[in-house]
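In what comes next, chain A is part of two complexes: it sits with chain B in the first one and with chain C in the second one.
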Partner chain A sequence: MPSIERRAIAPYLFFLPALLLFLAFSVYPFYLLTHTSLFEWDGISPAKTFIGLSNYWNVLAHDRVFWTSFSQAGTITLLALVLQNALALLLAIAVNRRLAGGTLYRTVFFLPPILSEIVVGLIWFWIYDGNFGILNEALSHLGLARFARAWLADPNTALTAVAIIHMWKGFGWGFVIFLAGLQTIPEQLYEAARVDGASAWLRFRHITLPLLVPVCVVVSILTILGTMQIFALIIATTGGGPGYHTEVPITRIFHSMLGTSRFGYACAQGIVFGLILLVFSLAQMRFQRRVS
Partner chain B sequence: MTRIKSVRHLTQRGTCLTLLALAGSAVLLGIAGCGKPKAAQQPGPLRVWHWMTDREAAFDELARRYQQETGTRVRFELYAPSDIYVQKVRAAAQTGGLPEIYGVLGELRDLASFINAGHVLPLEEAMSRNGNAWRSVFFPKALAVNTFTRENAYGVAPGVYGVPVDVMNVQLFYNKRLLATLGLDQPPDTWEAFLDVGRRAAAQRLIGFVSGWAELWLIDCFATDYAIHEMGMKQVEATYRGKVPYTDPDWVRVLGRFAELRDSGVLAEGIVAMGNKRAEQLFANGQAVFAFNGTWGVNVYQSMNPALEYGVVMPPRTDPNRPMVTWGGAGSSFFVNAKSPRREEAIAFLTWLTAEPQQRYLTEATQNIPANRSAAADLPAPLAAFADDMDDTVHPRLFSVQEESTVIEAFDKGIQSILIGERTPEEVAARVQETKRLEASRRATRAARQEGGHAID
Partner chain C sequence: MTGGTVIALQRLRQQAAQWAWHVVCLPVAASCLFPLAWMVSSSLKTQQTVFTDFSLIPAVPHVENYARAWIQGRFGIYFLNSLGYTVLVVAGVVACSALAAYAFSRFTFRGSGFFYKLLLSTMLIPIPGAFVALYILLNQLGLIDQGSGQWLPRLGYILPQINGGLPFAIFILKPFFDGIPKELEESAEVDGCGVLGVFWHIMLPLARPALGVVALLTSLAAWNEFLLAYLVFSRHELMPLQRGLLAFHGAHLTEYPLLMAGMVISIVPIVAIYLVMQRTIIQGITAGAVKG
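And now, the complex of A and B:
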């Protein structure tokens, strides 16, 4: 082979192993997922029944619970986007001011994300317990016993209660990313603004916030993708109940696959779910480009 | 300059090919590692997969004794909780990695799928050897749960497929001390009396009734007990067949029992979010008057609070003229992997495991009712109460027809909705019936496709 041709091929040979891994562990499973979604299959039987797009039709047209689970995951996501990220930003700004014990705060704020979701779920289950829960005890001591309830079993509070746990566990990620973003903003900009007499709010509004937009977009994408895929926390606290009040898409997919042995249907649910997340991500990336 | 030279050197043919070969080998090895594991060259231990955390130590001890007696090594491998176990077994079945002996959790249709896929060895022949010697050691109901009849709907060849290790049923535990506090020396035997105890308990700020009703299957046990008690088995099966709608007044009445429970105040606060572990803690700590729990509760309460004084009764009747039933049958069962070359060794081990001495040891160590009848002859008091009622047990696997999983879910979730006061029994009945209609339509589509030759292997 002539030397020039060899040199032309060489770069492709270098990425061939990565390509093979990508095909084996991403493309092929996705093909299998799509293929299975066209069949009625219990996950064990040797025979599958081809049913075309029926699974998709049933997901889109008949599965009210699946769409309810979407809106519930959306509610948790919205709460996380606003409250969790606002808290993360606030704490990041506070720690960025070189407070005494800043390292300690960083460690403490980053503790919840590294805890197992199951452990976090169990801890909060004890807090929320309707019979001997810490929260109800605290309310009683404050003379607010009339507000005591089984927080995770009450349809009016269950979803919010789960969302609070999720936000508590998740704000540390946003905190770390926001803090990193804040530390990249040149100090001279603030000094110049101070010289010009800008108040703290104006400095935040006109320096910090615009320069943090790319970081905000990243944190938002991570929050949306992470929250929409919430699963272990739900399993550890409510299992999707009471009724269907804390069901989210992944618990429904899990239930279809292992609870009712409908593998084909679960695959169709997974693909619909994945496509919707993809649309969200693309929209956000476009938004980021526009803002940038 | 030297750096540029070394970069050029990298693109030279020999280095390129070596790197490529290494990377290719790594990928191929990785992919090969995902394939079916080859059968072991050397006979290793017989592997038994299970999910029973409470029996782990006892199983290990039995494995040690078996090796001492026969020289055959057995290794019990625990995968818990049961959700994880179900995933593990399914994944292993799909990749051909099942052990010699394993359990199948789930409904009858799941077991049928494993059998039809050739993963479960029929045990009819082994059970029939020496004049049905092995078959005769078991409680008939325990074996029946693992047996497919000639008329089964799944196309499974009739016969026995599983080996029960123990038997169980789910009943009402009551705390004797708390009952006395409420002015009673006997547990209530009628529904009204039971609700009344609930009202008294609520008045004294005691927790009346606990159960793991966040886990739908325990709700289903309770509901099935009362459906059969109030309607009879025929009507329940007729509903599953689609001949009687869930909107029938009898079903609405059964669902209404949950509204009565809710209104009486007998239920623990937040019972629909209560896992069974939490319910067991509350009862073991003497904080609840009643617990709806299975035979395994004896072992759990013993380990949590040995001083707890309790008794066990059947759930109270709503109609004194109709017999009460309770959900039960085989507790845990093992199956032999039909694709394992060591099938006979597996059968020999299970025969040994279900013989009287081993079953007695299991009972002593784990406080479960043995599947072997002789070993169950002189059980301690709480277990004896459970064993006495084994004849009154019902199990969905023994019904002549099984309900669709999606309908069961709609039914159980609907009961949760009643318990939290979100829906009326009539609304839940209508929703369940709608799910049943959709499921019937889906089945019809599937049947039509199968007739049209769309099934592929």
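And now, the complex of A and C:
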């Protein structure tokens, strides 16, 4: 009965392409990552030296630059969590009120998120340029020339300047998610509250905010995971400089791997960093389950 | 107060509120558009005027910058590379994810549930060091650009991206297949259609809207991909746009008009697709975030 045989094998054939790719490019690299983290290896020579957990110990106890980079990514993340998401929520509330031109606003706000980090980084590199940038030019027109500086090369401003680019690129993305969340809140709730004489603030405080908590949690966790792993934007603007002032974990892992050829160490850095992010991810899932 | 004045007052208040929201939204919208306008403006200036002429609309637009960027700046090569990579990644993701999502929806057997959960968990569990292991693997397979041969590095750039796109694509497609009634397939099988025939002639056409979402979002991600291109390519003739932009920026630090022309070239296709398909794109992205 060939047809029955064919039916029994067919399902497996449907899975096969996805399964093979997944095994080759997700599962096997995961094994490689954990395995290599236990060795000292330059990435080229056939000989690897097994050193147990030494790489991990060095990351945790001796790698001050790595933890500096971690806290710098944390600074950008905090700024994004507070400023970027507050702006995103405010704009979503505005557009959700059937504001004239609301769709036009949506189109414009979501424009930066569809651009690549490289393009965004290079535009802003030009805007921030110390000698010829439009920002300094604008400041001198406003009589504020003494504030002009090479924004991305000055240790005092580089990290904030990068954070501003990142938030500029990201807020529109939080905006569309908040807007989608707001649109799921039934209009009748507001009608009823209005009939009862609740003010705009009370309606926001007691209807909008509570119903938006799950969406806020999702936006927050995606902001954290996305911002902590910031990379291309750094490469396109500062490369981690000046000094180490805009280094982030991913640039450090890159440096360990291709800068100093310490592949085992790069893997250990990646795993330590991944485990920290995992804690955030799990905490969010727990929190979300408790809320809903 | 007569009823008429009360209504008039209410309308006045509503109009004032509208204006207040515009005061919030307009500057933000302007800040989204200005850097892009500045990029286009700079791309039309000359190497001499770009540092001194701060007008947004240059008196003499130097459109020939685009031809120079396309040929001397190698952006023509980068553009065609990006186009090829994006088409192949999208084709690969759509094909593999449609097959797998259909199988997850219709054929269950030991291990399929586990595979499904594992696949989706890769969307929630961050593995920031994965690129180190991916580099080691691609190196072992000879898929890193070492200066000779072009198809292996190109393959090394495409395959991991197909794998990377699968979880989200399957996450979008499986519920869609779940929603298609089984009776359709049963009657087709009675008519003598094989499993593949049912999939090809009935399921795929019905799933076209969901496949469109997958193709759109995958093409945006592939067009903007940077990290893998940074790992894999060292020769200009193989680089996609994002990598090429960075290479150009590194080699010609202050040639802003050509760089900006290259950036405009690089964003024209995605901005065009975005403006035409923005509803679908935004719905796809918010569906992923709100459901996930």
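Keep in mind that, in the parts below, the second predicted complex is superposed on the first by the 267 of 292 C-alpha atoms of A that agree within 3 Å, B and C clash if a C-alpha of one lies under 4 Å from a C-alpha of the other, contacts with A are read in each partner's own complex, and residues count from 1 in each chain.
What we mean here is this: contacts are C-beta pairs under 8 Å (C-beta built on N, C-alpha and C of every residue); 3 or more make two chains touch, one makes a residue touch a chain.
Predicted model only: the values in this text are computed from it and were never measured.
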Practice prompt. Overlay done on chain A, so just call it for chain B and chain C: clash or fit.
Written response: clash
Discussion item. Let me test your reading of the model: by the given contact rule, A:153 touches which partner, first (chain B), second (chain C), both or neither?
Written reply: first
Fill in: Partner chain(s) touched by A:43 [first = chain B, second = chain C, both, neither]
both
Fill in: Which of chain B and chain C A:21 touches, first, second, both or neither
both
Worksheet item: Once the shared chain is lined up, is A:10 touching chain B (first), chain C (second), both, or neither of them?
Response: both
Worksheet item: Which partner does A:124 reach: the first (chain B), the second (chain C), both, or neither?
Response: second
Discussion item. According to the stated criteria, A:238 is in contact with first (chain B), second (chain C), both, or neither; which is it?
Written reply: first
Worksheet entry | Most chain A residues touched (candidates chain B, chain C) | C
Item to complete: Check the residue A:255 against both partner chains and state whether it touches chain B (first), chain C (second), both, or neither.
Response: first
Practice prompt. Scan A:285 for contacts with chain B and chain C and give back first, second, both or neither.
Written response: second
Practice prompt. Tell me which stretch of chain C runs into chain B once the two are superposed: 61-69, 79-87, 133-141 or 259-267.
Written response: 133-141
Practice prompt. State which residues of chain A lie in both footprints, the one left by chain B and the one left by chain C.
Written response: 6-7, 10, 14, 17, 21, 24, 43, 125, 131-132
Worksheet entry | Residues of chain A touching chain B in the complex | 6-7, 10, 13-14, 16-17, 20-21, 24, 39-40, 42-51, 54, 58, 62, 125, 129-132, 149-155, 158, 237-239, 241-244, 255, 258-261
Item to complete: Write out the stretch or stretches of chain A touching chain C in their complex.
Response: 3, 6-7, 10-11, 14-15, 17-19, 21-22, 24-26, 28-30, 32-33, 36, 43, 87, 90-91, 94-95, 97, 99-101, 104-112, 114-120, 122-127, 131-132, 134, 137, 168, 171-173, 176-177, 179-181, 215, 218-219, 222, 225, 228-229, 231-232, 235-236, 249-250, 253, 257, 263, 266-267, 269-271, 273-274, 277-278, 281, 285
Item to complete: Using the touch definition up top, name the residues of chain B that touch chain A in the complex.
Response: 11, 13, 16, 19-20, 23-24, 26-27, 30-31, 83, 86-87, 90, 93-94, 106, 109-110, 113-114, 116-119, 207, 214-215, 268-275, 278, 282, 287, 405-406, 409, 413-414, 416-417, 419-420, 422, 438, 442, 445-446, 449-450, 454-457
Discussion item. Quick check on the complex: what are the chain C residues that touch chain A?
Written reply: 17-18, 21-22, 24-25, 28-29, 31-33, 35-36, 38-39, 42, 50-51, 54, 95-97, 99-100, 102-103, 106-107, 109, 112, 115, 118-119, 122, 124-137, 139, 159-160, 162-164, 166, 170, 194-196, 199, 220, 223-224, 226-227, 230, 242, 245-246, 249, 256, 259-260, 263, 266-267, 270-271, 274-275, 278, 281-282, 285-286, 289-290, 292
